[in-house]
Amino acid sequence: MDSNAYAKGMEMLGKMVDPEIVEQTVNKVAKFSPDFAKLIVEFPYGSIYSRPGLDMKQRSLVTLSSLITQGAAGQLDFHVNVALNSGLTPNEIIEAIMNTLPYAGFPKAISALFVVMKVFEDRNITV
Amino acid sequence: MDSNAYAKGMEMLGKMVDPEIVEQTVNKVAKFSPDFAKLIVEFPYGSIYSRPGLDMKQRSLVTLSSLITQGAAGQLDFHVNVALNSGLTPNEIIEAIMNTLPYAGFPKAISALFVVMKVFEDRNITV
Amino acid sequence: MDSNAYAKGMEMLGKMVDPEIVEQTVNKVAKFSPDFAKLIVEFPYGSIYSRPGLDMKQRSLVTLSSLITQGAAGQLDFHVNVALNSGLTPNEIIEAIMNTLPYAGFPKAISALFVVMKVFEDRNITV
Amino acid sequence: MDSNAYAKGMEMLGKMVDPEIVEQTVNKVAKFSPDFAKLIVEFPYGSIYSRPGLDMKQRSLVTLSSLITQGAAGQLDFHVNVALNSGLTPNEIIEAIMNTLPYAGFPKAISALFVVMKVFEDRNITV
Amino acid sequence: MDSNAYAKGMEMLGKMVDPEIVEQTVNKVAKFSPDFAKLIVEFPYGSIYSRPGLDMKQRSLVTLSSLITQGAAGQLDFHVNVALNSGLTPNEIIEAIMNTLPYAGFPKAISALFVVMKVFEDRNITV
Amino acid sequence: MDSNAYAKGMEMLGKMVDPEIVEQTVNKVAKFSPDFAKLIVEFPYGSIYSRPGLDMKQRSLVTLSSLITQGAAGQLDFHVNVALNSGLTPNEIIEAIMNTLPYAGFPKAISALFVVMKVFEDRNITV
């Protein structure tokens, strides 16, 4: 295990989302498989997100687009929260989904929009 | 047909890539199916890319990520050229591919990297 | 915006499904993002479905197959309703899903069949 | 092995494509793995394509859409040949690809169009 | 129909899962479309799973990986049950999901892990 | 960077494939983006493949199935070589592809079989 990537990953997660969201996602996995959770913290957050070269808003655009394109409904809400916390505006997030329409197609983009509607509702965001 | 979206799309394409790339892609389709080519010009470029709300660099990040994630090798080089012309640096493009590693997986990201390597070579770009 | 494609799209939607289904889908999006809803009406329905060259039953076969293959569970019920309203028989719809078995695989086809079972049940259709 | 499904499959293949295409596809597999080739003949062609309920043109629409949506470039040309031999016109095939634009997205549909262009060229078909 | 593949398939299913799981899956389909259910029994179980060459634990690894990679949440629990009944240990199943992380990506692997957590809970399995 | 995961990864790669294959894949990436190559060595090979819990043959079955299912033609040959070097027999590899037929579908499995045929030919393997 790489304690350096792990530490960087935990620090990054702390900046990206509130503690209760970390609880529902990473810690939920950790209680079942500590090794699996370590990999989640180390690789996406410790090894990728902590890199310079792209800022957090840019990283959110890449990640959201990948999740929308693969129809990954289960983790999309987590990353919508990250996107908002990174400084992408609600309208920028909706624009990003619209930008996937020609590439991922309407079914996947519409499914993503419904997830975003729910996250915005939970956070009392009006567009 | 929407002449407004078509005109906006042709204008956008002219800003995004050089004429010879438009020839190899959109015009190649137009010679076979004019209607199909009109839709390519109107929808992605006339209706989506011409929208305000995200700038061209941001749109490139979303589009590249979607293409990488779906393994769309055939159109990736076009959009890598668009990304460079939009002002994303070569290093930012490589960072974007790295950002897809945890989400799209290594096979798709590596395939995309090989396409990028070829485009950079064709444009004499050293990283 | 293309008022011509929009008008054609609204007209097409009116022929394809009942008003309450348009409410749950297109209008639900419109209340959140009017621009996004306009694109849904204009492109799939205004620019594609209104085209001659394939009839509505043929278009349903293509669309259903694409949704099944990408595992797009969220929009499949809408298009099953369209397929029935277009004149595809319940047995033809089940045959179409069976035809995806060798190409999309059993998991996706079975998931699609469960969606179809629910739509048929809601519409009191016995096969 | 099911000799009934195998016989029906061989008969169906004979109706669907010319002998040299069967040689390049099914027989190419048979020389490497006879069992694998038997499954190809028995399941898609013996168990699915030989069924009543949808005609050959309808089955082609479903199969083409599934292949386009999954980006299955390697087998698309075979099924474009089947589609033409089943009586779908060249324009109907192009319309079917256009019908996948909103659902599979532009990259996959454009890749499919290029395959179709090549098959039409090989068969001296002008649209 | 191939009574030989059907018989082998029913026999295989009987070894793989408990009767109540066969009821919720295969029989649920059979009540709606007997032909569809026959294909489910004949092809995956009669024609593939009954083959020698790979044992049941090896087949489970291949099948689980394919389902995880395509995000087939609906049928994953069935095959997790098959995997446990075949002799793969709970830890081996979690290792297999971890092995998909670099290839299918974190969203799909995490979604699969949540399905596995549920199946283990239902079967009172502690890891 | 985690020198521990990197070292384990390099050691694992050395056991998995011959030096010239490492040159064509990992080193090809390293010359373009050293950071990208480090991630390839560290994560799949250093963090996943070096884990106990599944042996190399089992890991190959999981990885091959994931690559086949996502249509990742570009990296499949590398992993077919790994599979052979791990002790999976040629017939076991073909059986594994056959096992993906019901789950990934015939197009993806057939594409994979053609890659395997080429690797076997290059290694003078007769089945």
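The letters A, B, C, D, E and F name the chains in turn, as written, and every chain counts its residues from 1.
We take it that contacts are C-beta pairs under 8 Å (C-beta built on N, C-alpha and C of every residue); 3 or more make two chains touch, one makes a residue touch a chain.
The shown structure was predicted, so the numbers you read here are calculated from the model rather than taken from an experiment.
Engineer: What chains touch subunit A and also subunit B?
Structural biologist: Joint contacts, listed by label: C, D, E, F.
Engineer: Give the label of the chain whose average Cα location is farthest from that of subunit F.
Structural biologist: It is C.
Engineer: For B-E, find its twin among C-F, C-E or A-B: the pair where over half of the contact pairs carry the same residue numbers.
Structural biologist: C-F
Engineer: From the mean C-alpha coordinate of subunit A to that of subunit F, what's the distance rounded to whole Å?
Structural biologist: Spacing between the chain centres: roughly 29 Å.
Engineer: Just curious, how far off is subunit F from subunit E if you go by their C-alpha centres, in Å?
Structural biologist: Their C-alpha centroids are separated by 24 Å.
Engineer: Distance from the CA centroid of subunit A to that of subunit D, rounded to the nearest Å?
Structural biologist: Taking the average C-alpha coordinate of subunit A and of subunit D, the gap between them is 39 Å.
Engineer: Send over the residues of subunit E in touch with two or more other chains.
Structural biologist: Where subunit E meets two or more other chains at a single residue, that happens at 35, 39, 43-44, 48, 51, 66-67, 70-72, 98, 101-107.
Engineer: So with touch defined the way it is at the top, what topology do the chains form here? Options are line, ring, star, complete, other.
Structural biologist: Per interface graph, the chains form a complete graph.
Engineer: Could you please specify the touching residues of subunit D with respect to subunit C in the complex?
Structural biologist: Within the complex, subunit D touches subunit C at residues 43-44, 48, 51, 53-54, 58-59, 61-70, 72, 91-92, 95-96, 98-104.
Engineer: Using the touch definition from the top, list the residues of subunit C that touch subunit E in their complex.
Structural biologist: Against subunit E, the touching part of subunit C is residues 71, 94, 97-98, 101, 105-108, 110-111, 113-114, 117, 127.
Engineer: How about subunit B: which of its residues touch subunit C in the complex?
Structural biologist: Contact set of subunit B toward subunit C: 1-2, 4-5, 35, 39, 42-43, 47-48, 51.
Engineer: Provide the residue numbers of subunit A that touch subunit D in the complex, in ascending order.
Structural biologist: Against subunit D, subunit A makes touches at 102-107.
Engineer: Where on subunit A does subunit E make contact in their complex?
Structural biologist: It comes out as residues 29, 32-33, 35-36, 39-40, 43-44, 66-67, 70-72, 74-75.
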